[in-house]
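Got a structure for you, questions after.
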Amino acid sequence: MTDLPTSSYPALLVGLPVLMATISLFFKSRGNAVAGLIGCLLTGGLGIVSFAEVTQRGTLIHILGGWKPPLGILLRMDSLAALFIGITAVVGILISLYAWWYFSSRKVSDGKFTLFWSLWLFLWAGLNGLFLSNDLFNLYVTIEVITITAVALAVLSGRTVALFAGLRYLLAAITGSMAYLLGVALLYGSTGTLDLGLMGQALEPGATATFSLIIITLGLMIKKAAFPFHFWLPPAHSSALAPVSAILSALVVKGAFYIMLRLWTEVFGVSLSYAAGQLIGFTGAVAVIWGAWQALLQTNLKMLVAYSSISQMGYLLMAFPLLILAPGVASGSADWLAPAWTGMAYQVMAHAFAKSSLFLSAGIIVFALGHDRIESLRDLVAWKPMTAMAIGIAGVSLIGLPPSGGFMAKWMLLKGIFLSGQWWWAPAVLLGSLLTAGYVFMLLRLAFAPAREKIAFRPVPHILQVCALLLALGSFLIVLPSENLIQFLGGTESFGTGIESIMEGGVHGNE
Amino acid sequence: MSVVIDILMAILLIYLALRCMLAPELSKTIFTFFAFGLTLALAWIRLEAVDVAIAEAAIASGFMGVLLLDSLRDFSYALSKNPKNLELPENFTIKESNKSLLLPRLALGIGFVIFLLISMEATWKTPEGGGLTAVSEELLPQSGVEHPVTAVLLNFRAYDTWLEIGVILMGLLAIFAAGGVKNYRKPSMTAVDPLLRQVILFFIPVLFLFGAFLLYFGKTGPGGAFQAAVLWGSIGILFHLGGWPIFAMIPRKLRQFLLTMGLGSFLILGFLLMAAGGAMFEYPPAYAGILILIAETLAAISIAVALTAIYVYLTK
Amino acid sequence: MEMNSLLLILILFSSLVPGILILLLHERQVFMRSFLNLLGAVVKVGLVAWVFAGYYSGEEYVFIFGLAPDLTFALQVDHLGLLFAALSAVLWLVTTIYAIGYLEGGKHLRRFFAFFSLCVTASTGIALSGNVVTFFVFYEFLTLSTYPLVVHRGDDIAVEAGRTYLWYTIGGGTVLFLGVVGLFVVAGPVYFGQTEIIANLVAENELQLTILFFIMLTGLAVKAAIFPFHGWLPIAMVAPAPVSALLHAVAVVKAGAFGIVRLVYDVYGIDTSEQMNLLTPLAVFAAFTIIYGSLKALFQDDFKKVLAYSTISQLSYIALGVAITGVLSTTGAVVHLVHQGIMKITMFFAAGNVAETYGYKKISQLNGIGRRMPLTMGAFTIAAFGMIGLPPIAGFVSKWYLGLGAIEAESYWVVLVLLASSAMNAAYFLPIVYRAWFCEEGHEMVHRRRPGRFETPALLLIPVVLTGLFSLAAGVFAASANSPLSIAREIAERLYLYLP
Amino acid sequence: METHQIYSLTSVVLFAIGIGGVIMAKHFLKKIIATIIMGGGVFLCFVSFAQRDALTFADPVPHALVITGIVVAVTSAAFALSLARRIHQLTGEKTFPDEK
């Protein structure tokens, strides 16, 4: 694997945001925000450029310190990593622009909000580092970077609710990381390496591998708020400031999911079984339905959107049972792997765009009204048509109506489900869609309904609405290049394990 | 014989951990935690991990212990008499726990035991992966330092270490975000026991020298940036305990510089090395030793300042 | 891109682009808005006419855009699609004129006209779509773009109606989605007209294909308002008259009916469907809906509700015609797709005119209205007679063919259903006609709105007269070339060309 | 039974105690301490393998990882502590409202 083309992009993707975050620390209020925004734009631009580079040159690597694995750490930017980095870049830029106007028009940028920019940049560095990492321990460090900065951002609003939610979030996340790290310790003990690829080759099936799989999966499920470990997410995401909620729900929860995906496909091949996939898929299905149901019951917009995250993240887990082949299935014959894989990628993208747009829209409403009770959305179409439209468009993508990214995701997922013969997942997908339609149209219904009283609201900068709308549109625009994207996702050179083998043969369950 | 010691130590560790969790009073929990930390440090030594032992004793037990002790004092205040600002989220329904808790507890207990058994089986059966000892031994001469742990930390896996220095800075920012920054008041020269101040004044140069020693000899033996940083950081903490608010006395710009110096210099070094045509953190072998020492020193100063700052802002 | 592919895209864009532009306009730019709308509508009619002419002179129109390796967005022109596209385009033009007059001075018109245009885009897209996936995309797009129109009035009743509407249509869409994906997995990408794909699979996958057929049929039946999925249609009548007219006479309900026609004729194929016994349940449900809708219509007093139940009943004629095998019944079904649209839109326009001019929404208030509004009620009368099935109006033609088809297929019970339904049609339409022309005005009539020179504003009058004349013409000139009937006949003959 | 086996078995016990503490303990400080104990267990596991794999010296990689890990864990814990103290300062609460 070390003979792949090397490049400085991976190192820069982590280094640049850290540098800009450090620089922005030296400035007070306005200068801090300027430096922060410039940093965000640069980091985002770099993310997009490096994505383009990967589409041209294939997988890029960076051997840190010149020390090859197993001793050293290797950064690897393959198609999957590039995809995640690309999404983070696009969504991140728009959220940063939103944050710029959000904070500057709140006239409060002198206080703690200055911390937003450095923390967000550090978080961004952590995310990039996580997507690039090819080393189990380094993944731990990056995910801790993400946890600390994410919780810090979540409590920035300083409200008591946010503090409670933040502490709960932090404790859950630390527990999750420690569980993950215990698994890493055992894996290191059994294989003598931390490199994902090498470990995948060296790992022998047995009690240790199975236990590591379980404990790591559990730990990561806590961090990604999978059912039944979702308890911390709704309060934490809903009590944060608008741009922060968007970052947390669109990007941060994807981090733990990404690790899980990497490990399941690249390391744990030997200890996975058909049943394990079914179990994960089941928790995903429950999350889809339960999260959407809870969302329907909410009275606050941000809580609704947060529960919707739990539901939408469940779809990602539902792709896992399709990736693990039953013992008798030959590698070549599994034609559902590609749809399941691309469906998962599309769900990640569509959810990142749609959910960040929804949270930013919710932020606009809070900004204008001072609260986010769903009842107050009445007549939104008349007084904030652009925001109503953003909510509508993003909602449509969440439901999975054509021609949105969410539709692509569900289409691919359902296709994979039927091709694999695991038809029992289909009702969950559809029921989730229906319930999602339920809460999305609950919002839209109110948006069209007449106001009970005259609404007094603060004027909102136009540009905030534009950012939210652009993100919502993004969840549709990703469909246009889908042919190229799908080809890209399956086509880059990889290391024999992992994505390529997924597209070709899937992970073979033992048992 | 040594097996007996190890078994006794293991039992002691488990006992202390349990005691720590089950102690009815918070103060007992914290003191037991101290004991636990020190025992763990001894266990590290039994496992030939002197570096870890120093780090554990200094950071996990020492630094954390100081923070916990101060928090204990804070939590013992009668503040709870007048709860204010209790703004509960709407879904935080406080459940009445009238119904029997026996069943859930039983289930939890059984789950706990099962988890314990499975995890013990898994550990027991861990295959011998062989570790990376041989590789590190082979590559150690090229690393520019002689102590393998330092080589791993600052050369082989310098990237992790760099991120970790970042984590400390982020932790400090996070503590600001949690609400510390506005409430920071300069400690007044309150009545501190003169004897204490004398003791502190005596300890400060000792700590400084010992830290410098650890830093420098981290090259060849146990010790290194983190251990030195904690010792230097404790100088800052001691100053504050003695009523000298040195952290507040440093000008803001300098403080910022000191705090970011470790992370920044490491990063710039990495970028420069990249610009020179290598990978990030790829030291030219001839200069590896000196570059590592410089980076390490700057990092140690930064961490020391950051730890002091964490203490200052956290304890207020 | 080739000219011919471009034309298809342009047909869609002729309403999509005005829709988006109108959204960007200011609420007060009335002239610009109307201009864009009319321009789009005229251009669309022109383009469809162009394609129509081209298609008949042997040109091929196909547009294909690959979304994913095997997921393609495809537009293509065939007889059936063209017929539906022409219907949508012409009626859109008429309805746009009507809507400009009807809603003049109302609120949120920007939104209304924007979504109105988007909705027509969806309906044209349904007509032109070349495969199942594309059809589904536009089908869902139609749901979304009609929602704001249904709740346009914005009061609680409208919003509540919107909710019901959505639960039905989204539910139906989800079920259809399941079927479409399932079909895709079993049969791969199915283009309309490639009936051999399914035919070849029947031997192996009969059970799956049967299940999928009924799943998709259920999804389509929601929009086609076939019992028991008809509940949304009467409730959605809270929408303004032009919406009820275009959407609930043409766009939405016809999308469902058109989908059923496509499913049976162009996906499964008539002989495969027959062979698998898929059509009998459809026929039974359709027949039941015809009777049920007529019965319900008998007991309504609200003018638009009568029309709504009548729509439910009339739509199932199409489904019934599809369910009976034979050239004649197929002709009847396809031609009814057009005829029912023209006649029903006339009636909705008339109802809208009465409501807008005098504020009357109940049938019991219509005494003597014919003398006040002779042109409007004249058009209505023509349409009503057509619905009942009196010659020489459009409705007669379709019923005649349906009846002949039923006799040909020896399904005599269908003839009975048709007769019973016609009798009931007469029973609920004739009283209206009678009241309008022969009853004395019970009380002083007060204008809600100044009608101007005519009985009602010209913009409201012209469309209703036009569509009334269309209904008459479609019947009178049914035998001429290029009439809806002759096209329908051609479609039917092609379908049965290869059959034994 | 060898040294590293004793400690690696101990390590999972410590981890389990820590997990139990995080779930069962109510007071914020106890929960935070539980996370550190949990971490102690994990690190012990790492180091016991280092000792097992010793040649002329013990495996340095786990040692380095553990030092990094300790610092990260302590930083997280300090942050948790500051949140807990802030909550206490604002509301007087020492536990989560639904865990009283």
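In order of appearance the chains are A, B, C and D, and numbering begins at 1 in each one.
Here is the rule we go by: contacts are C-beta pairs under 8 Å (C-beta built on N, C-alpha and C of every residue); 3 or more make two chains touch, one makes a residue touch a chain.
Keep in mind the model is a prediction, meaning the values are calculated, not measured.
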Chain whose Cα mean lies nearest the overall Cα mean: A
Pair joined by more contacting C-beta pairs (A-C or B-D): B-D
Length of the line joining the C-alpha centres of chain A and chain C, rounded to whole Å: 43
Whole-Å separation of chain centres (CA-atom averages), chain B against chain D: 11
Centre-to-centre distance between chain D and chain C (centres being mean Cα positions), rounded to whole Å: 68
Cα-centroid distance, chain A relative to chain D, in whole angstrom: 27
In chain D, residues with contacts to at least two other chains: 8, 11-12, 15, 18-19, 28, 32, 39, 45, 49, 52-53, 61-62, 65, 68, 72-73, 75-77, 79, 83-84, 86, 90-91, 93, 97
Residue list for chain B, restricted to those that touch at least two other chains: 85-86, 88, 92, 119, 122-123, 126, 128-132, 136, 152, 156-157, 160, 164, 167, 170-171, 174, 178-179
Contacts with 2+ other chains: residues of chain A: 71, 137, 141, 144, 148, 151-152, 155, 160, 163-164, 166, 182, 186, 188-189, 192
Chain-chain contacts as defined at top: A-B, A-C, A-D, B-D
Partner chain D, residues of chain B touching it in the complex: 2-3, 6-7, 10, 13-14, 17-18, 20-21, 26, 29-30, 33, 36-37, 40, 43-44, 46-49, 51-52, 55-56, 59-60, 63-64, 67-68, 71-72, 74-75, 79-86, 88, 92-95, 108, 112, 115-116, 119-120, 122-124, 126, 128-134, 136-137, 148-149, 151-153, 156-157, 160-161, 164, 167-168, 170-171, 174-175, 178-180, 224, 226, 310, 313-314
Complex contact set, residues of chain A against chain D: 71, 137, 140-141, 144, 147-148, 151-152, 155, 160, 163-164, 166-168, 170-171, 174-175, 178-179, 181-182, 185-186, 188-189, 192, 194
Complex interface listing, chain A residues touching chain B: 6, 8, 11, 15, 18-19, 22, 25-26, 62-67, 70-73, 111-112, 115, 118-119, 122, 125, 129, 137-138, 141-142, 144-145, 148-149, 151-153, 155-156, 158-161, 163-166, 182, 186, 188-193, 202, 204, 206-208, 210-212, 214-215, 234-235, 238-239, 299-300, 303
Touching residues (chain side chain B, partner chain A) in the complex: 85-92, 118-119, 121-123, 125-132, 135-136, 139, 152, 155-160, 163-164, 166-167, 170-171, 173-174, 176-179, 181-182, 253, 256-257, 259-260, 263-264, 267-268, 270-271, 274, 278-283
Residues of chain C defined as touching chain A within the complex: 66-69, 71, 73, 108, 111, 136-137, 140-141, 143-144, 147-148, 151, 154-156, 158-159, 162-163, 166, 170-171, 173-175, 177-178, 181-182, 184-186
